[in-house]
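As written, the chains take the letters A, B and C, and residue 1 is the first residue of each chain.
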Amino acid sequence: PLGPASSLPPSFLLKCLEQVRKIQAEGEVLQERLCAAHKLCHPEELVLLGHSLGISQAPLGSCFSQALELVNCLRQLHSGLFLYQGLLQALAGISPEVAPTLDWLQLDIADFATNVWQQMEDMRVAPPGHPTQGPMPTFTSAFQRRAGGVLVASNLQRFLEPVYRVLRYLAQT
Amino acid sequence: ECGRIRLSDPIIRLGDSVTASCIIGRNCSHLDLESEILWKLESELHPGGRQKRLPDGSQESTITVPHLNYTQAHLSCCLYWGNSLQILDQVELQAGYPPPVPYNLSCFMNLTTNSLICQWEPGPDPYLPTNFTLKSFKNRGKCQTQEEPILDCVPEAGKSHCSIPRKHLQLYQSMGIWVQAENALGTTLSQKLCFDPMDLVKLEPPTLEALNPSPVEAPAQPGCLWLHWEPWKPGLFITQKCELRYQPQLGEASWALVASVPSKTHHHELCGLLPATAYTLQMRCIRSPLPGYWSDWSPSLVLNTTER
Amino acid sequence: ECGRIRLSDPIIRLGDSVTASCIIGRNCSHLDLESEILWKLESELHPGGRQKRLPDGSQESTITVPHLNYTQAHLSCCLYWGNSLQILDQVELQAGYPPPVPYNLSCFMNLTTNSLICQWEPGPDPYLPTNFTLKSFKNRGKCQTQEEPILDCVPEAGKSHCSIPRKHLQLYQSMGIWVQAENALGTTLSQKLCFDPMDLVKLEPPTLEALNPSPVEAPAQPGCLWLHWEPWKPGLFITQKCELRYQPQLGEASWALVASVPSKTHHHELCGLLPATAYTLQMRCIRSPLPGYWSDWSPSLVLNTTER
């Protein structure tokens, strides 16, 4: 069950909230650029492609169970961020119009993941050893990288909304 | 592979037709292979796909866009999955024209930057990424034979001028030069020029100065003006001839010209002018007798003739 | 070798002494080896050379300049040849000071360029070529331990600021940073700073706009002004507090301040003002409650209150 929410320092929660908003804003820019430059504006048109490419969504169950399991929630948050770092890296070479935004997004997600990992270390609940990245999709054409970008960006936004709600809940309790 | 588009040609001439095929492999398990493959050009469904089953069980649809009128367009191969239209693959079609022939190529030797600067007209936009290169070669005669090539001068993106640094030039040897334009649909060459770089030198104008008071040996005569000028330093080694033009600051007066002012003396007495009148003077110089380009006119100098 | 100068030290502290020797090899046939070796400092003959013959027959002269007061000087080893003084060898002496300690190091995070910009005072000119480097390292705590170094940021020549690009930064992790100054006479380090880059964010001010007409639900009250502002887009993800200041355009009126205007609403009603008066308004914002720097004050907006 939930350790005392106050075991998370307020400044850590405030920074996390800011980092989520920063990543959400960057993610929207990525989606806008993919739409403007390549007419790929609707992730729902690419679900089938997403299946065949193996682009998965990161689980966040522990953050929503009735009794918020704080440690597992932090661990799932970190693994989700780690997954998105990997997915964004796999999109390298996406297209000149989009590449700068992709780079900023990767850096912001990496910063956020480091912040969460260090908080877990400070609380002595960090999983042993550093996480290793699972198999990543391979994109065999410019189109697949751009379509992959649309899917990853939309999955990331859907991942961050609940994260933001949990962090805000923790910051207010 | 769940949907792979193949194109007859990704870059075509505007208005030409383009044919594309999209194959959905039979190992694409999560797909209902019987459903119809659909095509979208930009965001419009494009009818006319001809679909057939291939010997290995995969499905292939072929489509021909008769006259592509987009310079850039996205062609997507789609399939209905449930009731949502899914994009399986997408390619970018580009259409335009072969590069027009660059024209009005002109060059001049700039002694300040010590480089040969050439500019040209690129001609109408061919709608395709087109690379311009200024090509040149050294030569002994009238550039009939193409001897040792000088460097390829690549202009900044979108610019129609390029400058060849001094170290690649032999100023007093003839060289041939032209512009090459190249894109996916072809290559064109501009007209060739043949010159010694030094014969295209464009001087900077001299600097005009009033001679106040006019030199002792020639006190200011009514209706006369004494003029002194400083030649442009980097051009001192070049024998030049200069022209002086002047006009009274009176209504619609036109310029009067003093051709071939002796350039060595650096001062000149101008007479026959209206008394008590303000005159605007300008000067320009050109390499002479060897060939060159006239400098621009110098900034104006305003002098007043004395009373009668 | 017909004259080779050896120096105790080519770069010395201003005012210190420097010793040099000049050797003229005996195989220097065309020279009259008995003649006196003379020294010139810049263009002045400098007495005091002590000359001796070496075992191998060559001549060596040694000289000590007690207090070198030139920051740069040429020292020449000379010999009379006939009645003309000949320079056989020449070296450049440089004198100056060790680098002063750089001070007033300050940094701020620029979200427009997405880089950390640091500036410092270089201190007095040491008269010697001095290299400044902005050094930094990542860190977990209060920068006591020096962990992974970040890149060395080398400023443009003569500049006392440097910017570290985003890709080398962890915005929410603490980093240590200092300036190192180095020249031939030594190395000095500035005071060290320790911060999270994001805690040094400096926002751009919001853009003030009049709300004409003031919103329906609050018609313009006499002595009141309705104000709207657009926050700075790149800073939208940062929770901020803002300050509004206003002054009537009347003689020497001073600014009045409205501290902590709620930054979320983007509009504010200002009352208690003089009727029929033009007011100048400005606004600034700061990251809050997390640390940051105040933005500059926004460009002024002038609004007029209505008649009584």
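Please note the rule applied: a residue touches a chain if its C-beta (ideal position, glycine included) is under 8 Å from a C-beta of that chain, and two chains touch if they have at least 3 such contacts.
Predicted, not measured: the structure shown is a model, and the values here were computed from it.
Contact topology of the protein chains: linear, an open path with no closing contact. Legend note: the chain whose CA centroid lies nearest the centroid of all displayed protein CA atoms is C. Mean C-alpha position of chain B lies 41 Å from that of chain C.
For this pair, chain A with chain B, the centres built from the Cα atoms lie 47 Å apart. Among the residues of chain C, none is in touch with two or more other chains. Those residues of chain A that touch chain C in the complex are listed here as 11, 14-15, 17-19, 21-22, 24-25, 103-104, 107-108, 110-112, 114-115, 118.
Those residues of chain A that touch chain B in the shared complex are 38-40, 44-49, 51-52, 141, 143, 146-147. In the complex of the two chains, the chain C residues touching chain A come out as 114, 140, 166-167, 169-173, 198, 236-239, 289-290.
On the chain B side of its complex with chain A, the touching residues are 2-4, 28, 30-31, 42-43, 74, 78-79, 81, 84-92.
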